[in-house]
Amino acid sequence: MAMLEVNNLSIQFGGLHAVDNFQLKIEKGELYGLIGPNGAGKTTVFNLLTGVYKPTEGIIKLDGQDITGKSIIDINKAGIARTFQNIRLFKDMTVLDNVKAGLHNHYKYSTLTGILRLPKYFKVEKEMNERAMEILKVFNLDQEAGLLAGNLPYGKQRKLEIARALATDPKLLLLDEPAAGMNPNETQELMDTIRFVRDHFNMTILLIEHDMKLVGGICEELTVLNFGQVLCQGETAKVLKDPAVVTAYLGE
Amino acid sequence: MKKNMNKTTKNNFITYGMVIAIFVVVQILSSTGNLSRLLTGLLVPICVYIIASLSLNLVVGYSGELSLGHAGFMCVGAYSSALFSHVTSDVLPSVPRLILALLVGAAVAAVFGVLIGIPVLRLRGDYLAIVTLAFGEIIKNLINILYVGVDDKGLHVATSAANLKLDPGGKQIIKGALGVSGTATLYKDIKDYFFLIGVILVLVVLFIIQNLVNSGSGRAITSTRDNRIAAESIGINVTKNKLLAFTISAAIAGVAGVLYAHNLSMLKVSIFDYNMSITILVYVILGGMGNLRGSILATIVLYALPELLRGFSTYRMLIYAIVMITMMLFNWAPAARDFRSRIIEKIKGHVKEKEAA
Amino acid sequence: MSFISYLKDGISLGSIYAIIALGYTMVYGIAKMLNFAHGDVIMVGAFVILTAVTKASMSPILAIILSVVICTVAGVVIEAVAYRPLRKASSNLAVLITAIGVSYLLQNLALLIFGADAKSFVPVINVPSLELFGGQLTIKGVTIVTILACIVIMVGLQLFVKKTKPGRAMQAVSEDRDAAQLMGVNVNATISLTFAIGSGLAAIAGLLLCSAYPTLTPYTGAMPGIKAFVAAVFGGIGSIPGAMVGGILLGVIEIFSKAYISSQVADAIVFAVLIIVLLVKPSGLFGKNIQEKV
Amino acid sequence: ESEETFKIGVIGPMTGDYAQYGNGVYNAAKIAADEINANGGFNGYQVEILDAGDDQGDPEKAVNAYNDLLDKGMQMLCGTVTSGACIAVGAEAADSTFLFTPSATAVDSITAGDNEFRMCFTDPMQGTKSAEYISEKGLATKVATLYDSMADYNSGVHDAFVAACADYGLEVVADEAYTTDNNTDFSVQLGKIKDSGAELLFLPNYYSDNALILQQAHDLGLDMKIFGVDGMDGILNVENFDKSLAEGVMLLTPFSATGDDEATVKFVKAYGDANNGETPNQFAADTYDVLYAMQAAANDAGITPDMSNEDISAAMSASMLNITLDGLTGEAKWTEDGECDKAPKAYVIKDGVYASME
Amino acid sequence: MAMLEVKDLHVYYGVIQALKGISFEVNQGEVIALIGANGAGKTTTLQTLTGLLSAKEGSVVFEGKDITRVPAHKIVEMGIAHVPEGRRVFSDLSVYENLIMGAYTRKDKAEIQESLAGVYKRFPRLEERKGQRAGTLSGGEQQMLAMGRALMSKPRLIVMDEPSMGLSPIFVNEIFDIIRVVSESGTTVLLVEQNAKKALSIADRAYVLETGKITMSGNASDLLNDEAVQKAYLGE
């Protein structure tokens, strides 16, 4: 069974068919890319998958479970986590707390336990700290654990967003332009991290990116979106040579 | 990471320490006769407003919602507990009665917090502000037509004095606009301990809020404040956590109301208007959002200021207004902040130089 | 007939709320701040007119002009001294609190200058009442003037903001001050202009308020200010037509609740209706319900 | 030198919504003190009115003001002005500092201790007396009320009036209220009152609200008798008020500033001279009498400024029962519970002045 | 004399020093690239030039006039336009209204219409969407709008902050083409870019910024071939 199966997905804004009859199938463990010209509807697809927008039509299945129309929270609980094109960190919280917030649904104690500082509080918090530090280490952020997230440089903020998403222990990770604003060296480093995350956490990853070096370098399969519709789907190397993709997206 | 844990714990203890230190200093001054009657009289009200501003800080500072109706929660806490005290004044000794009254006030205010929070917390920003303001005014309006009396048959509730229909020998407790009188008189025997009780309550409230915000629920609450959509995207139930913060805050405001009602012999509803909510908001903002110690200090300074300015008679409130504006500018204007941090840097540099030399 | 006459009363009261709300919403829309001192500027305006007419024997027209000028200047000065330094503060609540401080300041200044005694406002607007249905329904001259003024001001403001260059600058400033600067917009001047217009309108509102309800104390502006704030939110704060509609509706609801339910809890009912409206339409009647782009 | 003077405190709203009442009290207290100092003071000692303690009508701030005045050496209190505040301060002053309120009308204001006295009538007394008077004089059988239900004074008088109406055979055909926050538009209430068939409208409110009510009643063509209590007094002195609107208004009050007796004329002149020509209101007159009653009691008790507050308080309280005062507000005696036993006078406004109805 | 002369610029955020004495110059007609890692101070430099930030020390001279203390809105009038980082379009205004805002300092209506037509010609997508609220445009569309808006003021010097961020490859090429066209039509360009390779390939000269200081400068083609630059900024 595919990890993600999307059929006939559509949404309209006013008269604009932002996403139209979109299909997608991603197998477990795959590193999948979603590309396309600006305004093609890529971010909108993410928003549909994560419940930010409700589709006008279509079905989304995660690991066999129908999640169409569910709330953002329930979809996250079902196993999809994401990052945002315009970074959305908890800026006034520490780096560590950002990740711990991501662990929220997996390490629980009651509010009263927290207020009264019962032994369980200390035990769970300790476990959370350990787990959070483990995740931060993957992204080389463990040194910054005590800083406020808003004070991190841009590149590290992007990484922290991924770390936070990972903390929710998803089945599918959605990354929206993770390399935006990074220089080539930083991008290279990010590619290694994404690959590591896939292997180490046994994750399925769908990402949007305009940096062809990254897309070509790590994505196994690609879907190209144009004017809300699928232009081309398939293996990365093939898709990138498709003449329609070259004219619509890549250029010479 | 260890260090980080220690830092918040240390911070919490500094706050407790500060409160206790203030208490001790005040006790010493008062036992040596160095505290004027005016200041002595201010002690309990200051505790009332500290509790209220801590409670509002939970909503404004940590939950990130602007509430302009906090006086409403104080009001229901005050009235319900005063009613309780009057009704039970013959059956309970004052200490357990006061403890129960505190619980009653907190519980009733919490119920109102939930009832109001459920519809209201869907709104944001200034809209939430106006709706909380509206709720505060509604509470005030309704309590103003509330008449409660007690006689041998039990409790009577009506919306006008004429409809109360008490038996001869019954007494009116809540009298509409005339409010409730004589509550403090019921506690004459422990009146001298009210400041101590106030300080203990402040410490308990600090304990609750500090521990809450440093727990899982607290992280959920602050993450929602920082970015709602991101919080939802990691599975945090935004509404539930906002409601949690709002309810706890309402209960604490209720406690402030209880202390208010029991420290004075007169409780009238027109006091709990939006002006009071705003006054508390002023304490919170001046002290800094999410800064509990700041709330405490700002409350002490701003509450005492107009009282200490009594010597200026007619110019008193004018001076207060000017001082308030100036303090806000000094505390919040970016230019002033830069200026301050530069001074602090300089001092630090100076100290280092000295140390080096 | 009584329904019609209640409706008329509601509109008379509502038009007063509306005229205050227009100034409120204007300042909020552009400067993005709740100017809690707006109601007190109204009070200042009314005192200026009253003093000019009774103490300096000025003609009403001159007194009104003087009041507009003084309020305009006061608005600009208040903005420059008390609000501008906080424009880049890390929380926009800071300036809200300063506005409250300014409100206290104006009230207490007025108290020192004019004393605490309530004063009756002198009739300045001498427009005859309109009699309808053979005298069964009388619409007061002040009401007619207020409604006309509301419409003129609403249309004028709307045209000004949408069609003129300074108006467009205001829109740009309200959205993104830095970007507006990069377009060549003088942000300080634009916000000053906003306050000038808002405060000028406050003078007019003071005149109409005190003509309709001729009593004046240093605290006269406070409650109508809050009500107008409610009206502005009701209509969708920042929306100019919304302020007008919100004000009128607020007045009508208030009068109807007094008439048909209870005069003691009329305010509670008004506020309850407000809450219900906001729950159904979270950004007010005319507010744009903008979905954040994620 | 300070041992040689009595220090008297005044507490009331000097700022805020009720500032006009507090200022009236404070101004009158200073005038009375000057006169008293010229005619022998308290038992031969001079009196000094301390700077007014501002309470904004708030019980909590009133207690703060009370403590502050004690710090400044207050030995006797002339206050507080408003009822709620007086209840709170009364609890503090009970059996320690002599409290004499000119104007707090709620019954509870002076019940906390035996050392607390009142100059004005109580709410129930005014309400009941009004119903009695209306009934006895046959002014009306159907009456209407309009009052501020959020203010303690108005609502206290109102509740007593409505209760007494039943006893005196008056039918309340319209019982309308407004609130302090909503005290400018009375169109609906007055409309209902107009339609109710009432012959008389009872207005237990302060004059500033009543001035607006009269204006709107006039606009509405409301044609019925208007009856007020002591809060109505002062209406003729509202700046720029069109006095013709108040023509025919009746009120039960112990004092009127337009009275032509020598004492009133003298007081009104002195008050005007000291306060830019302002006319004293009911609060001022009651305060003036408070100071003179204090003088009488002080002379009777033979107190001296070096005595403690408690001693002064006890001595004064005892003497209060011995004295009678022929003051601006009538002839008064005090009972043990601190109440003033004096008769209200009925006035009607005629040609812009108060005329006795007798 | 150079069109723009920047001398020894020191800029602070509170107590944090972001620029530690930066000097460079831009000559009439040139395309100058400013490259550097995240947080090096590129945006800070541009914002100081156009008056959004004020320098603690140093001077900025544009066409012989000292503009160090001139407020931002006057600088626009003097002929410098700024395409800000993160686009900063007026999201509540329509695309058309955004463009008209760009011509705020200009008076002649006919000329403004002419410029508008020019922008529409260069960015047909904007004409298609001229009635849409700018806030709902996709990232790329917003970038076009920000560029178009800056051009509406008919600047003599245009400074751009990462104009290629978030754009599709084809569009990145297009943006650089547009920059070239803008430059060829006589407008001087100061360009900040992460995409150092592209930036250096169209620039005449370039400066490298590292933690608030200029560490290298020279002809763009020389830097493109410089080993250190290649290693640090070109990912080779």
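Order as written gives the chain letters A, B, C, D and E; numbering starts at 1 within each chain.
Just so we're on the same page, a residue touches a chain if its C-beta (ideal position, glycine included) is under 8 Å from a C-beta of that chain, and two chains touch if they have at least 3 such contacts.
Every value quoted in this text rests on a predicted model; they were computed, and no experiment measured them.
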Fewest hops from subunit A to subunit D - one hop per pair of touching chains: 2
Intersection of the contact lists for subunit C and subunit D: B
Where subunit C and subunit E are represented by their mean Cα positions, the distance between them in whole Å: 42
Cα-centroid distance, subunit B relative to subunit E, in whole angstrom: 51
Chain centre separation (subunit D, subunit E; CA means) in Å: 74
Subunit A and subunit C, separation of their C-alpha mean positions in angstrom: 48
Subunit C residues counted as touching two or more neighbouring chains: 107-108, 111, 264, 267, 294
Touching two or more other chains - residue numbers and ranges from subunit A: 43, 52, 84
Subunit B: positions in contact with at least two other chains: 137, 141, 144-145, 229, 314, 317
Pairs of chains satisfying the touch condition: A-B, A-C, A-E, B-C, B-D, B-E, C-D, C-E
Subunit A contact footprint on subunit E (complex, rising order): 37-39, 125, 136-141, 143, 162, 165-174, 194, 196-197, 232-236
Complex contact set, residues of subunit C against subunit B: 28, 34, 36, 82, 85-86, 88-91, 93-94, 96-98, 100-102, 104-105, 107-109, 111-112, 226, 229-230, 233, 237, 264-265, 267-268, 271-272, 274-275, 278-279, 282-284, 292, 294
Residues of subunit E touching subunit C in the complex: 50-52, 71-74, 76-77, 81-82, 84, 88-93, 97, 100-102, 104-105, 135-136, 149-150, 153
List of subunit C residues in touch with subunit A within their complex: 294
Touch list for subunit B against partner subunit D, complex: 36-38, 40-42, 45, 137, 141, 144-145, 160-162, 176-179, 181-182, 184-185, 260, 264-271, 273, 307, 310-311, 313-314, 316-317
